[in-house]
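The letters A, B, C, D, E and F name the chains in turn, as written, and every chain counts its residues from 1.
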Amino acid sequence: MGKVVTLGEIMLRFSTDSGIRIAQTEAFTAHYGGGEANVAVSLANYGHQVAFASKVPDNALGEAVRKHLNRYGVDTKHLLKGGPRLGSYYLEAGVGERAASVIYDRAGSSFAVVETAEWNLEELFSGCDIFHISGITPALSAAWRDLTLVLIKAAKQAGCLISFDVNYRGKLWSREEAGKTIRTILPYVDYCSAGKLDAQHFLEVTAYDGDSEEEEASYYYREMQKKYPNISVFYSTKRKVHSASANELIGTLWSDGHYYESQCHLIDPIIDRVGGGDAFAGGVLHGLLNKADHQKVINFATAASALKHTVHGDCNQFSQEEVESFLALGSGKIIR
Amino acid sequence: MGKVVTLGEIMLRFSTDSGIRIAQTEAFTAHYGGGEANVAVSLANYGHQVAFASKVPDNALGEAVRKHLNRYGVDTKHLLKGGPRLGSYYLEAGVGERAASVIYDRAGSSFAVVETAEWNLEELFSGCDIFHISGITPALSAAWRDLTLVLIKAAKQAGCLISFDVNYRGKLWSREEAGKTIRTILPYVDYCSAGKLDAQHFLEVTAYDGDSEEEEASYYYREMQKKYPNISVFYSTKRKVHSASANELIGTLWSDGHYYESQCHLIDPIIDRVGGGDAFAGGVLHGLLNKADHQKVINFATAASALKHTVHGDCNQFSQEEVESFLALGSGKIIR
Amino acid sequence: MGKVVTLGEIMLRFSTDSGIRIAQTEAFTAHYGGGEANVAVSLANYGHQVAFASKVPDNALGEAVRKHLNRYGVDTKHLLKGGPRLGSYYLEAGVGERAASVIYDRAGSSFAVVETAEWNLEELFSGCDIFHISGITPALSAAWRDLTLVLIKAAKQAGCLISFDVNYRGKLWSREEAGKTIRTILPYVDYCSAGKLDAQHFLEVTAYDGDSEEEEASYYYREMQKKYPNISVFYSTKRKVHSASANELIGTLWSDGHYYESQCHLIDPIIDRVGGGDAFAGGVLHGLLNKADHQKVINFATAASALKHTVHGDCNQFSQEEVESFLALGSGKIIR
Amino acid sequence: MGKVVTLGEIMLRFSTDSGIRIAQTEAFTAHYGGGEANVAVSLANYGHQVAFASKVPDNALGEAVRKHLNRYGVDTKHLLKGGPRLGSYYLEAGVGERAASVIYDRAGSSFAVVETAEWNLEELFSGCDIFHISGITPALSAAWRDLTLVLIKAAKQAGCLISFDVNYRGKLWSREEAGKTIRTILPYVDYCSAGKLDAQHFLEVTAYDGDSEEEEASYYYREMQKKYPNISVFYSTKRKVHSASANELIGTLWSDGHYYESQCHLIDPIIDRVGGGDAFAGGVLHGLLNKADHQKVINFATAASALKHTVHGDCNQFSQEEVESFLALGSGKIIR
Amino acid sequence: MGKVVTLGEIMLRFSTDSGIRIAQTEAFTAHYGGGEANVAVSLANYGHQVAFASKVPDNALGEAVRKHLNRYGVDTKHLLKGGPRLGSYYLEAGVGERAASVIYDRAGSSFAVVETAEWNLEELFSGCDIFHISGITPALSAAWRDLTLVLIKAAKQAGCLISFDVNYRGKLWSREEAGKTIRTILPYVDYCSAGKLDAQHFLEVTAYDGDSEEEEASYYYREMQKKYPNISVFYSTKRKVHSASANELIGTLWSDGHYYESQCHLIDPIIDRVGGGDAFAGGVLHGLLNKADHQKVINFATAASALKHTVHGDCNQFSQEEVESFLALGSGKIIR
Amino acid sequence: MGKVVTLGEIMLRFSTDSGIRIAQTEAFTAHYGGGEANVAVSLANYGHQVAFASKVPDNALGEAVRKHLNRYGVDTKHLLKGGPRLGSYYLEAGVGERAASVIYDRAGSSFAVVETAEWNLEELFSGCDIFHISGITPALSAAWRDLTLVLIKAAKQAGCLISFDVNYRGKLWSREEAGKTIRTILPYVDYCSAGKLDAQHFLEVTAYDGDSEEEEASYYYREMQKKYPNISVFYSTKRKVHSASANELIGTLWSDGHYYESQCHLIDPIIDRVGGGDAFAGGVLHGLLNKADHQKVINFATAASALKHTVHGDCNQFSQEEVESFLALGSGKIIR
C-alpha cells in the first residue's frame, strides 16, 4: 500500500433536505469535506496510509473536522489548529430539471488566510509516494498561488509524485489568472485530472474540430500530453446530465499514448453529487499506487465515483472490496 | 408591478412522508395552502402587491395561516378571524404507479360557512388590477354560489380584471351544478384557466372529433372563445402522467385568436404535486400584469409550475429571477 | 372468507435511511417481519381469519412483535413467548446501480432453537383452510427440517391445504441440503411458489434450451407439475432489475395445465423491496381462497406486490378494495 | 380476568414537539385516543378481554383507529365505520410555568352525530362484567344525553356493573346541563370517578368548611355516598401542579365507608399528561375486577397513572407486571 | 399602538439538539435572530407597527431573514440587501451544570462592514415613536461607533424616543472601549436597559457596599439616574442561575425615582434561553408605548421573558393576550 | 502523556427516544460502547496514546466500531475482525420515577466466544503504562475467566500497571462465581474501582456497623486495602438517585491511607447515564497518569462523569481543558 499526502481546504457543508429550499429550511445537515480531504478519505478506505494537511480553527468545528478525518483513518498530525474561522457553504441539492444551488461562505477562513508554509514540510513529505493538491488552493489568494508552488516543489524534492486536479472554480478567480498559475504548476505534475474545457481554457489547446465523439477525448489528451510530456497520466470524466437526479458517467484515462474508457454508469437517482469527482480521483490514484493495468484503473475509479453518488456526504464510504464487488455484480439486486 | 387580490379558502394539509400510509403514520407534515392563496404567494414572490382575502378561525391555526402568508409577503389585512374551524385535508402522496390518496375534512370551515360578503369590498378592490378567484369557492355552499358572483361584480365595478380558474372538484358538487354556476360567472371573466374537460363539461363545447393532437387544444380554446368573447386569455396545461413520480408538462395559452405552447418539461422525480396548477396560474398572471409577449408568458408560467413540483409545500418558492434563470439554463447542473 | 395459519420466524429489521450506510448511520428504523408473518398480514388485510404461529422472546421485543401482528388483525394466540432472543438483520437499501446489502444476525433466535412442536397443533390447525410455510424454516436447523415435515403432515391430516414457498436462502444451507429437504416436503404441497431457478436447483428440472422467453416459464411449470402432480397451483414472478430503484415485475401462475401471466408493472422508484414476494404470495392465496378465476388471481397478486414496493416496511398495507382500485385505475393521478 | 366494554369517542390528537408552538410548527405527531378508549387499552394491557365501541369514518383515519386499538389487543368488532369525520384536537404541551394549550376540532364527528344506538347492544354487553363510559359522551349532543342512559340501562340489564367517570368538560356543556344529566345517570352507577369539584358542582354536595386536608377528601366521598348509596366505589386523584413539567399525584378511593390513599408520586419531568386520568381509572377497574384489597387497588392505579405520564401518547403502555415492579422498586435506577 | 424602528445585526444561529455537542453533530437547527430583530418581533406580536433596519446578503440567506421577519409582521422595507455574508454563530445549549457554549462566526458580515448610513434616515424615522438599538452595534467596528451616534441623533431629531440596551459583549470589544462609546450615547437615551455590572463597568458607578439585596438594585438605578437625568426609564433583570436548565428570573424597573420589581419566575426547564433578554426589553417597550403603570410594565415584561424561555428560537411567539393570560393564570395546567 | 491499553467487549446500543418504549418504537438511535472502550475514548480525549483491543465481526458493524473508535483517536490496530456477531443491547431510558429498562442480546458475540489470547500480547503491551480491564470480561465465559488472568499477567510482566474495574453484572454470573474470580485477579491490580457493595460481596469485607456516613466510605476502603496492600488506589462514586432524571454524584478515592472526596454534582436533567462510570474511571486514570495530586484527581474525574451525563452516547466528549473549565466555572451560564 502507498503513502499519500493531500493538502487543501476543508469546509463545513450545510445541506437542506431534498425538496426544501435554503430560504425556507429550519434545519441543515452538516458534512465536512473538500476536494483533497475527500481524496484522502477514499485512499484511506482502500488501505493506504494517508495524511491530510490543512488548517482549521481551534474550536469545536476544527475538532469536528479532525474527528471526521480520523473516523475514516486519515492521519491528522498535519491538520493545524488556529486562524479565524472554518469556511462553509450552503447546498440546496438539485431535483430533476432544477439545478442545485450553492452559497459559498469561505472567505477569510483559517486555511485561506495562510500566508506561509506553516507545516513541517520535511516531516510532511518524508517517505510519501504521492502528493495530491488541486487548483482550488492557488485560487484562494495571491499568497496561495506562491505557496502552492512552494509545496509542490518541496514534495517533488522529497521524492513524491505530484498529483494535480485542475478543478477550476469560476467564483474564485478568472480564467486568465487560473491559466497563468496552472501553467506554472503543470511542469511539476505527474498525474493530472484535466478535461476538455481545462485543455482549452488553461492549457491553450485548440478546440477539436472533428465530429467523432470517440476521437475528441483522445485529441485533447494527446494535445495536453504534447505540451506537458512530464505528465504520465491524464484522467477525466464524461458526464451526461439528464437532470440533477440522473446522470450518465464515463471515466477516461490517457497514459503512454493510449486512451482508456470505462463502461458507462447510469446514476439514477443521484443521492449526493458532491465529491463524485474526488471519489474518481481517489480511485485513479489507488489504481496507480497499486500499479494496476490502466483499464482496470479507470474501471475501478469510475465505479467508485458512481457509488459515491449513491450516498450522502462528500466522502466515499466504500472499501476496495466493495468497489470491486460492485464492478463484478453490476446491478441492484438484494444480496442475501 | 401590479396590485392583485385573490380570495378563497386556505386549508391545513397533513402529509405523510413518502412511502408511509395515512393509516400507519405517526406524524404529519403541516402545510397551509389553497388555490387562491397559492396564486397570491406566487405573485408576491414576483414582486407584485398582493392581498389574500379569506376567513380563518381566531386561534393558533388561524394565526399560523396569517404567519404563512406574511412570510411570503402577502397582505393579510383582509384575512378575517372567526368562525368554527380551519378546513383540513390529509394527503398520502403517490409513488410510481400508486396514485396519491386524499381525505378531505373541510366541511363546516370558517370560510365555508360564510354567508355574506364580510369583507370591506370597497377597500378590498380599491386600486386593484386583477381579482383572482376559483371554481372551488362557489362549490362550497349555496350561499357561496351567490356570494362569488357578488364579489366578482364588485371587483369588476371597481375596475379590476377578473381572473377565474375553473378548478372543478367532483367531491364538492355535481357537473350540472358546477356548469350552471360557472356559466353565470364567465361573462364577467377576463382571464380564464380552463382545459379540454372544462370546455366539454361546463362550457358546453362539443368534443373534438379530429385526430390531430396539435389542433385539439386550439379547437377547444377557439370554441370557448366563441362562447365568451369577453375572455381575453385562456390557459391550461397538458400533463402526461407517466406515474405519480414522473410527469410531462406543457403549458398552453390562447389569446387574440392565437395558440401558444411552452416547451415540454419532464418532471422526474416529483417532490410535491400540490399547487402545481396554482404556480402555473400565478406565472400566467405575472406575465399578463407585466404585459410580456404571450410566448414568454406561457414559457415562464410552465417553468414556474415545473419548479413548484420540485419543492415540498403548496406554494411556489421561486423569484422571477430564479424562474428566468431556470428557463435559460434548462438542466440540472451544479452552479459553482 | 378463509381461515389460514402461517408459521415461521419473525425478525426485527434495522434499516438505514436511503443513502446512509450501516457503518456510518446514527439511527435505524425498526420493522418486524418475516416471510410467513408478512403473508399473514396480507391475508388479514383482505379480511381472512389468520393466525401466525412462531416463538419470540418474553421481553419487550417479543411484545413488539405481538403488537405489530395484532395491529394488522393477525391472531397471536399461537405466538409463543420464551427462548433466548429475537433474530434480527440490518438492511442498507440499494440505490440505483448499488445493490442492497444485508447483515443477518438471526442465529440462536427463540424460533431457530425450537426443537419440538411446541404449539398445540390440534388447536392450531382446527378448521383451517390453508397452512402456509416457507423453505426458510427447515433451513434453520436439523431439528427444523424434521419439524417442518411434522407440521405439514399434521396440517394435512387436519384437512388444511398446504402452501409452500421455496424461498431458498444460500446463507442458511447449501443447494444440496435444501434440495433434499424440499423434495421430502413437496409431495404434501398443494400450492407452491417456485421459479425457474428453484425448478433447476431443487426439483431437478433440466434447464430450458429453447429460445422463446414466452415458452420458458411454461416449460418449467410443466416439468415441475410432472414431478409433483399433487401440486394444483404453481406461481412465481419474473422480475427485470433495471436497478435497485427500478424494477419491472410480472406475475406468473400455472394451474390445470394452463399458464397465466399478469400485466407488467414498472416499479420506479422502489421504496422498499423487502416483502414484495410475500405480498405476491398473499395475493395468490387470497385469490385461491376466494376461488377467483386464475387470470384475476395473478393480476391481483402482482398488483398487490407492486403496491408493497411503494411503502416502507415488510408488510403490505393495502386492502382488497385498494388493490382492486389500483388495478382498475392503473396510474399515478391524484384522486380528489 | 374480566370482560369489559367501554364506549366513547376516539379522536386524532395532533401534538407539537416540546417548545414548539402550534402557530409555528411544521409537523405534528399523531396519537389516537379518548377517555374510554384509553381505559380499554389499559385493561387490555393487564390481560382483560376488552371491547371498545365507537364510530369512526370509513376512511384511512378510521382504519388507523382500528389498527391502534388492535395493536393493544382491544376488540374492535363494535367499532362502527361511517359518518362524516374523525374528531381531532391540537395540543401544544405545557413547559414549566407555561400551561398546555388545546384547540378542539371535534364538532360534527362520526361519533358525535350518532342519534340512535347503532351497536348491537345484546351482543355488546353479553357476558360483560363492567361497562365503562364517561361524562364526555352525554356532553356531545342532546341525542347523546338520551343515548347514554339507554346504553347504561341496557348494560345494567345485561348484568354489567356500570363504571362512570364524570370527566366534566366546560367547553362542551354548562355546569347546569352537566349536573342535570349526571344526576340521571348516577343512580345506575356502581363505580364512579368523581372528585371534590364534581361533588360540589354536579352532586350538590356543600363545600367542606373544615381545615383538615386529610378529612376533606373523606368528607366529599361520604357526602356523595349518602346521595348515591348504590355506588360501591368512588375514586379520584389529588394533583399538586408545581408546573406543567412537574406534578405530585396521590390517588384516593372510597368504599364501604373507608377512605384509602396511595403514596405520593412526584412526576418530574412529565412527558405527556394526556391520558393520565384514564390510566388511573383503568388501574382502579383492574383492581376491582381482580378483587384486590382496596389499598392495593389505589396503589396500583396511582402507580399506573404516574407511569403513563412518562410516555408519549394517550394510552398506558405498561403491563400488570411492570406496574407492580415499579411499585416494588420505586426509583429510577438502571436495571442490568 | 405605537410605531417603532429597531436597527442592528441579524444572524443565523446553528443549534445542536439538547445533549449533542457541536463537534459530533450531524445536523443543525437554523434560527434567525439578533437583539434588535427580536425586540422588533416581540413588539409586532403585540400589535405595534415595527420596522427592522439592517443589511443582509443578496442571496437565499438574506431572503430567509426577510421571510423570517415578515412572518412575524415586521416591516422589512429598510432591510438592505448586499455585502459579503450573513453573520452566524453555533450554539451548543447548556444542560444542568454544563454551560452553553458558543462559537461566533460574525466577522465580515454584510452588516458589520457597513461604513455609512445606507438607509434613508428621513423615511426610516418618520412618524416613529421609539428607535431601539443596542450596544452590540457600536461594538462591531470603528465605523459603527460613529454610525450608531449618527443614527441616534437623526432619530432624536425626527422626534423618536431613544431606547438603548447596553448588552455588553466581551468578545467584541474591551470594557474601556465600550465604556467610552456608551457614555457618548447615553446623553441621547430615554429608555435604557442596564444592570448592576453595566453601572459599574460603563457608567462609572461605584460598587454598592451595603448588605441589603433589596437596596442594591435601587442603589445602582439611583446612581445611574444621577449621571443621566435624561433617561426616564431604566430596566434590567435579576437572574439566579441554578443551572443551565433552571433559572429564577425577576424583572426590575426604575422610573421617576421609584423602583419596581416583578414576581419571581422559576423557569424549569429552560427550552431556549437565547432571546430571553430581548423578550424582556420588548415587553418593557410595549408597556411604555401603552403608557401602562410601571408595576404592570415590569410584570408583563418579565412574564414575556419567562415565556420566551419555554420555546425554541430567538423570538418571542406570544401575543399580548397570551402574556396577560399567563400572568393571570400563573401555572402549568391544561386548559380544556 | 501516557500510553494505555484497554481491552473488553464493545456493543451496539439501541436506544429509544425519551418517553418512547421499546415495544412501541419505530426507530432506534445507535451508539457503540462498552466499559473499556469508553475509558479508552476518555483517555484519548485527554491526549493520551490509547489502544483498544477487542474482537468484532468482519462486517459493516465491525467497521462501524472501528470508525467510532478512530473518530475519537483510539488506536484500533488490536481490534480483531472475525467471529459470529456484534453483541447488542436495547435501552429504554428511565424518566423521573420510572427506571430505565435494558434487554441484553450479547450472547455468542465475536468477543464472548474468544477462547485464546488472539492478540499479539507482546506488541499490545509494549511500552504501555496502564492496562485497564473490567469485571465484565471474565463474566462472559469460563474461557474468559482464564484468559483475563493470562492477559493481566502478561501486561504485568511487560511492566504495565493494572487497572481493574469490578463492574459486577448480575445477569452474567452469580456473586459466588464473581467473587472467586475477582479474588484471583486483585493480587495483580494497582488501581481498583470498587465500592461498598463490591467490598462486601466480592472482597469479603464485613458490613460497616457504625452510623457515620463520612466514616463508612473510609471504612470499606481501609478494609479492602488491608486485604490487598498491592492496590495503590481505590476509587468509587456515591450516587444519590432522586429519580432516573436527577442524581447527585460524589466521587471518592483512597490512596496511601487517605480518603478524598469530590464536591457533590447535582445532575438534573440526566441526558444519558450510560458510560457515566467509565467517564469517572477515565478521569481517575488520567489524573494518575499525570501524577496530579489526589484531590485534583477525584475532582477532575467526578466532573468528567457529571459532564458525561449531559450528552447522548456512551463516551465522554470533553477535552481536559473543557473538564477543567467546567470545574472552574461550575454553573450553567452562557459564555459569550
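Worth a mention:
In this section, contacts are C-beta pairs under 8 Å (C-beta built on N, C-alpha and C of every residue); 3 or more make two chains touch, one makes a residue touch a chain.
Since this is a predicted model, take the numbers as computed values, not measurements.
The most distant chain from chain F is B, comparing centres defined as mean Cα coordinates.
A centroid comparison over C-alpha atoms places D as the chain most distant from chain A. Centre-to-centre separation between chain A and chain D, using Cα means, comes to 63 Å. Rounded to whole angstrom, the centroid-to-centroid distance between chain A and chain C, based on C-alpha atoms, equals 45 Å.
Chain A has residues 21, 23-24, 26, 67, 101, 269 in contact with two or more other chains. Taken chain by chain, the contacts fit none of the simple shapes, being neither an open path, a ring, a star, nor a full set of pairwise contacts. The set of touching chain pairs reads A-B, A-C, A-E, A-F, B-C, B-D, B-E, C-D, C-F, D-E, D-F, E-F, using the touch definition from the header.
Within the complex formed with chain C, the residues of chain B that make contact are 18-21, 23-24, 94-102, 104, 169-171, 241-246, 269, 273-274. Interface residues of chain B, counted against chain E in their complex, comprise 67-68, 70-73, 319. Within the complex formed with chain C, the residues of chain A that make contact are 265-272, 306-307, 309-313, 317, 326, 329-336.
Partner chain C is touched in their complex by these residues of chain F: 14, 21-30, 59-61, 63-64, 67, 84-86, 88, 90, 92, 101, 103, 105, 107-108.
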